[in-house]
Every structure is written in structure tokens, then in C-alpha cells.
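One chain, chain A, links the two complexes that follow: it is found with chain B in the first and with chain C in the second.
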Partner chain A sequence: MNRFLSNLFARRFQCNTKNNLHTSGQDFAWTKSILPKSFIQNNQKIYPPQEIGENPRPAFICHQKTNIKYSHEKLWYIACFVRGMTVDEAVKQLSFVNKKGASFVKETILEAQDLAVKQHNVEFKSNLWIAESFSGKGVHIKGIRRHARARLGEVRYQYSHYFVRLEEGKPPEDYFKRNPLTAKQQLENWLEGMRKRKIINSF
Partner chain B sequence: MISRVHHLKNIIKNVEKNILQIFGLPPRELALAYTYEKRLPEPKKFSIKDIVGDGILLAVPKFRRTVEKRLKRKFGSPEYTWKMLVPKTNIIVCNSCGHYHERGHLCAHCYKKVEAETKEIQDKIQQKLGNQKPIENDVIVLYNGESLPDQPKEFWRGKRIIEMKKDRPQWFSKNLLEKTTQQPSESKDVKPTDLA
Partner chain C sequence: MANTILKRLWRPSQVLFLPSRTTTTKHYNPKYRTHRAKKYLKIDLPDMNEDESEFTQEKMRQKMKEKGILPPRPWMERPFYISATGGIFEAYVPPEGDGKASLVSPARAKQTVQLLEKKSKSMLAIRKVKTFDEDFDSKEFCIQAQNIYIKAHECLVSGDRRELRQYVTEKAYPEFRHNTRHKTIRWRFLESLEPPRVVHARCTDVVSKQNIFGQITVRFHSRQQLAVYDRFGRLLHGSEILAKDVLEYVVFEKHLSNMYGAWRVHDKIIPDWAPPKDPSRLTRLKPDPEPVPVVEEKKEQPAIADK
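The block that comes next holds the complex of A and B.
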């Protein structure tokens, strides 16, 4: 009886506060935040059972962090940095990146890793790699500043979102297709350079 | 006929003259045809152009940014400043705690421990020796179950002793507080507790 009553009241309370705060439809800039939904809905997609000979579809986890007080252009650099890395490597590297966005991205990846194990049936939390990682623009709240000679400038307080998709398994060898030269190739190149040298004014 | 007109005119003139005289006004001969008044400068109409000048339409793009310029701005150049983040290859594992740190830098996790302990010692020193004068003498820190080494009395002159009410941390060997100016000892009888 107690639990029934508490549930009843909790539902009403939910309608008022946290869940609907940002979609309450008031006409202020700061209440206009419409949170991105389509990326995270990929998690709910149910695939038909696979054929017998088909390659097993790896598990994936879509996660996002919204309304980060940071510029989305700057966040893009960090999102790019992390693509194609294993989760452990990404977290390790991000700890040594001197940017504000690095801490947000690191938190998001750790949360996603946690969700993967708890909700998405991933066996080993280290067996994950970052398949997709990108930033999006949130609300920009405008302000005014003064310049010399009666001129005004616009100040933008920028918010951004960060999206990440973890996939189970080993990452591809060369995600960005940089094709780095192997040690053997590098040695050959160096040798060739050395052999091309000429003693000037000689035969 | 004309002289009569003149005569009439003169009469009217005289009447006017007399009337003016009665009222104490000056004669008409002294009247000015035109009074020169000092003309005040017109209040200057305020327009934004006075302050801004012709710069009101200054900041406008003249040409389309080429794709090369856009890419250069976004990625930089490998020869100058490469804007993309590059993974660091100098991150190694700390042997004592297992956390990561850069090669050539102290492990942050281990350092935090040392920092906390140092703060404790410093607080104890402040507590005991006070803030009145700067502490110019050596401070010897003793932990639980430690005693002062056997030294002649001159050694102890001017040295302050702080007793920490806790066990010595494992990583805090006595070697760490040894002065670099101290000469290596020749003695062969060293107590086990005094070994670093």
C-alpha cells in the first residue's frame, strides 16, 4: 500500500521536475535545450536473429553526454583523437591531454564501458574499442560585450554534446588508413638516401 | 501740392517725435535697421556616424575561403603547427602503484601520497614551533618507536625534534632526508634500524 502510494506521487513529481524541465516550452534561451535523442535510440534497435554462416554481429553501445559547457569545434579534436582506439588506450591517452574536453570525453567513455557490461551483455570490459566518436552543437546563449568606439560585440556561451559508440572486439589495425611505413621500409628508404649522396666535384 | 505733402509728413514726424519724447524713448534717428545678434552654434545633431565613422560596414568577407585555407585552419600543417591531437608514446606504468605517468615525470598517484605526508609534517611543525619566527634550524622528524641516534651534545644544539604519532610510512626511508653535504661514514657498526 505504501509503495503504491509512493509510486503514485513519484509519477506526479517526475512530471514537474527533472525529466521535463528542458522541454517545458518556455520561451527563454536557457530552457530551450532540446536533448538529442536519435543517436541513443540506436541502442533500442532489435536485430533479427542471424543466419548460421553469418559473421557474429559485435555488440555495440551508444552513449552521449549532453550540454557540456565547451565549444563543439574544440571538442571535435578530442573526439577525433580517440577514434579507433581501445577503451583502455583511450582513457590512458586522455589522462594526458591538456584540454577541458578531455575530461568530459574520458567520463563518457568510462560510463559507456560500465553500461556495456551491465546492460549490453558485453563479457570483458577491456574488449571494447571506439567505433564512432563525434561532437555536436548544443545551445548557444548570446550575450553582448562592448568594444571601443561605441561598437558592440556578440559573446557566445557555447554548449556542446559528445557522442560515442563502443563496439566489442579488437579495433582495426589502421583506423585512419595512415599506412605507416614498416621498419624494413623505413630502413630501405634511409639506405637509399645514403647511397644517393655524391661527393661534389668528383668523378 | 508736393510741398503740402511734405508739410503733412513733417507734422506727423514731429508728432511721433514728441510722443516718443514723452515716453522717454530715444528718437527714431538712433534706431537701428538691423540688430546684429551673436548667433549661437546650432546644437550638433547626434549621428552614429560621428563616432563610428565610415567603419560601419568594415568587417565583411571579400572573397570565398578556398578549401585549402579551410583545411589549413582546421588541421594545421605538419611542417608548422599540427592541430590534430597526437597520441603520446612516452606514457609508462609506475612500478610501485601501477598508475600511468609520463616518462621523466613523477607518478602523480605516488606524489599525492608524499604530498599528504609532507603536509602533515608541516602542520605538526607549525603547531609545535609556531609562526612567530621563521624556522632556521634543522627539524628532525621521529615516528612511532624511533629514538634519536647517539650523538654528542653539540650535534643537538639548535635542532628541533618533531614526533609524529604514527608509524613510519613504508616508502619514507631515512635516506631521503640525508643531506648531500654529508660525508660517507667510515664506521662499520650501524644499527639495523638506522639502515636506509
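The block that comes next holds the complex of A and C.
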């Protein structure tokens, strides 16, 4: 019953219900949910068993928060901000970000962390890092604004989704590839490349 | 008193009280604010993340009235299945030290004598089974039972739910599938250490006299391998290079009065003397113990004589 109702409540964007004017399609118990589901589907994926002596595959968990009353474009900045951080660091940083979206992102990360421990065999909840974090576009409801000379302006009431994937382990040292190779490494690479080259029509 | 004086004396500078303006979208002229607001057509925006499980009954009623939704039809039917029983009747009690102690030991000899006494009831039950199934032979049945047992496990491993229903009763089905979601199971039946044998048989009628169910307990002593992996392919339980001797008492059930009834795995008898299970390989953080609420003892104040 709950799913049925949530479907109905979430999907009815009837503007001006008082006038009995229906501006959206009819909704029924069998109407398909419009929530994003392909990202969450990654949680169902089963990997083949590992051989003895192989490094254990790090666990991961995908989580999402849907239909946040916030612009997906604004949310994107916060989503980018936490990429490649450990969970603890991200939560700490987000609590000082003075934006509405930061609280949604923080909530989602904390939820995902909780799920990881409860359902996905993650032992230590601090041993997680944010491997993926991005925003998606939700429902946009269009409204009207009056302009001069009997003209109209369009107002968009935007909803957005937030997606996050936490992975077990420590974040990579250089997630954004900010630090290129050292001079010595560069020289070595160059030397190796030179040695590997093929000189045509030679012995 | 002292507080108020301090407050009067110490005044922070005015700058501290000035809010720093971060919004740059605000109109500079506040005079026509209401008029500007009226330019927007007011619409009711839905709150998509409402938790309707938290709604009170009145709130729910109000919401549904607003949307013009009728409450869903209550589902008053309760499904029940009558082609399998819900348990074991007169369960077999396995003798202690079975599969370990030698037959010569006095305790064991005593138990075998007792078993022989109990056997008469099993004989009667088997005779009853034979009235429905003329070709029934307990030796042949044991081989058949082992096949069913192996097939049921193979179906579980391959995740073939439809096939599994042919080898497992409706009672055992959830018990079989319990905790297998998102897991990879590797199971192998290596060999039978002792030939399986029928140790117990019972028949009962349910509801009417003609509606008879038969249950036969078969003892399997075999060597098996089991390894369970989680979603990421990490070993959770068992091992693929280790074989274990398994002694099991498996109850098979058949709806005898049903023409199309078949022998299926119904339950497993776990004796009290069974060795304890291996601890899980998974380790978890131990949750902090809940703080013990401190009960404050109320000191009884002596009644004041003045009041």
C-alpha cells in the first residue's frame, strides 16, 4: 500500500487542483515509477568468486537521493567537491559548506555509509571513500510569471537527484592527477619510450 | 544581578551585529516587493520525499481527499497451502554419537535395542505408504532420496527457483533459500561414506481420514564441499579445498493421497548433541554497550513546618 501511495503522491503534480484542472497524466497503482533506478542496480551485481591468495575485491555501495528540491546544476558543484575524499573527510567538509545542497549530499553519504556496514559486508565504516558522486536532473515543473505587455515568462521549479558510490579502502593518493610525474620518472619514461621505438628499414 | 550590570557595561561593537549580505539576487528597492511577488502564478509544489508511513490517519485521509484517491481495497485473504504439512510429526531422535562411536559400546548397544522397539511404528507407516504406492521399496527409496537431496542442492546453487520447487516442499523452500541472496555458492557432493538408510517413517491424516501425508527420515553420511562467497566474490564461509564429513537426517515428505504427489525434502533434524557451528569468517565492529540509565533516587524532602 505504501508503494502505491508514494507513487501517487510523488507523481501527482496537479497544478490548480481546486479548479479540477488536470495538467498531468492519470496515475494508477500500476504506473511505472519515474525514479532513477539504473545506478542503484549496480548494487545487485554479483562478481565471480576470487581465487585463494588474490587480494580481496573492495566492496562498494551505490546510493541515491531522489527529487531534491534543488537545482541539479547547483548540486553538481557540491557533488564534485566531495569526489575522492574519505567519507569522514567529506562529512566534515560538507558541514561547513554554506549551501542548501550540502546538507542533502551529507545526508546521502551518511545513509550510504550506514547501508554499507549493514548490508554490504563492510567492516569499518570509516574505511570508505567517495569513488563516484554526481547529480542528475529530476522533474522540472514549469510555472508562469507575468511580464509586461501581456507576455509570459517561464519559471522552472527544479528537482534533482544525487548519486554517490562509496568504495571500501583508502582513496587514491592522487585522485585528480594534480601531481604529474617527478623529473626522474619523466626521464625514465622518456628513455623507455625511446628504447621501444621502432626504426623502420633498419636492422 | 551581576549579569545585567555586565551586559550594560560591555557592549560589542556595532559591526558585529551587521549581517553580511551573501544574497545578490535581492532587489534593491523593497517598496514593491509584494507587487513583484504577485507576478508569479502560485502553484502547489509537491513534496516528493514525504514519508507517508509517518502520516497520522487524519493527515492521510486529508491527503487522499485532496487528490481524490479512494483507499486501496483491503486484502483480507490469507493464502494457505494444503499439499505440504507445516512441520515434522513425531520427529526422529538420532542416537547419540551416531557416525562416531563404535557399535560395540554399551551405550550404543542399548540405544539400538530401544530403536528396534520403536521400529514397529515405522514398519506400520511404511506399510501404509505401500498401500498408496505399491512399488515402494525402502532400499530403492534411499537411492531416490539421495538423488532428490543432491538435485535440490544443485538447484539452490544454480539459483533455479522453479526447479527447486520440485525437490523441496513449500515448508522447506524458504528455509532452503534463506540468506542466499546475492551470494555465490559452490557445493559438491563428493561421495557417500555409508549407504543412506531409512531410519524413521510416519504417516498422518490431515483434516479428513483419507488425506494422508507420509514422512520418511533418511540418514545420509556423506562427504561434501561447501564454499559461500559474498557479492564481491570474497569467501564468507567454508572452503573449496576442504572436504567435510556430513551426517544428516533429512525428512522427506509426500502427499500420499495426491495422485501426483512426490517425495520432496521437507526438513532436517539437527540433534542436540550436534557439534556447534563454525563461527562466521566475517568480523564486525562490536557496537558500544548501551549506557545504563542512571536512576536518580529522589531524596524525600522533609516537610517544612511553616508551609
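Please note the rule applied: the second predicted complex is superposed on the first by the 143 of 203 C-alpha atoms of A that agree within 3 Å, B and C clash if a C-alpha of one lies under 4 Å from a C-alpha of the other, contacts with A are read in each partner's own complex, and residues count from 1 in each chain.
Convention: a contact is a pair of C-beta atoms (placed from the backbone, for glycine too) under 8 Å apart; a residue touches a chain by one contact, two chains touch by 3 or more.
Everything numeric in this text was worked out from a predicted model, so none of it was measured.
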Contacts of A:P49 with chain B and chain C, given as first, second, both or neither: second
Per-residue contact with chain A, leading partner among chain C and chain B: C
Chain B versus chain C as contact partner of A:F124, first or second or both or neither: second
Which of chain B and chain C A:R151 touches, first, second, both or neither: first
Which superposed partner A:F203 touches (first chain B, second chain C, both, neither): neither
Chain A contact footprint on chain B (complex, rising order): 48, 51-53, 55, 83-85, 87-88, 91, 100, 102
Parts of chain A lying in touch with chain C, wherever the complex brings them together: 1-2, 4-6, 8-10, 12-17, 29, 44-50, 52, 56-60, 66-69, 98, 117, 120-121, 123-125, 138-139, 141, 143-147, 155, 157, 159
Chain A residues touching chain B - in the complex, by the definition given at the top: 77-78, 80-81, 85, 89, 92-93, 95-97, 149-151
Chain C - residues contacting chain A, complex: 22, 39-41, 43-50, 52-53, 63, 66-67, 69, 72, 182-184, 186, 227, 229-236, 241, 282-285
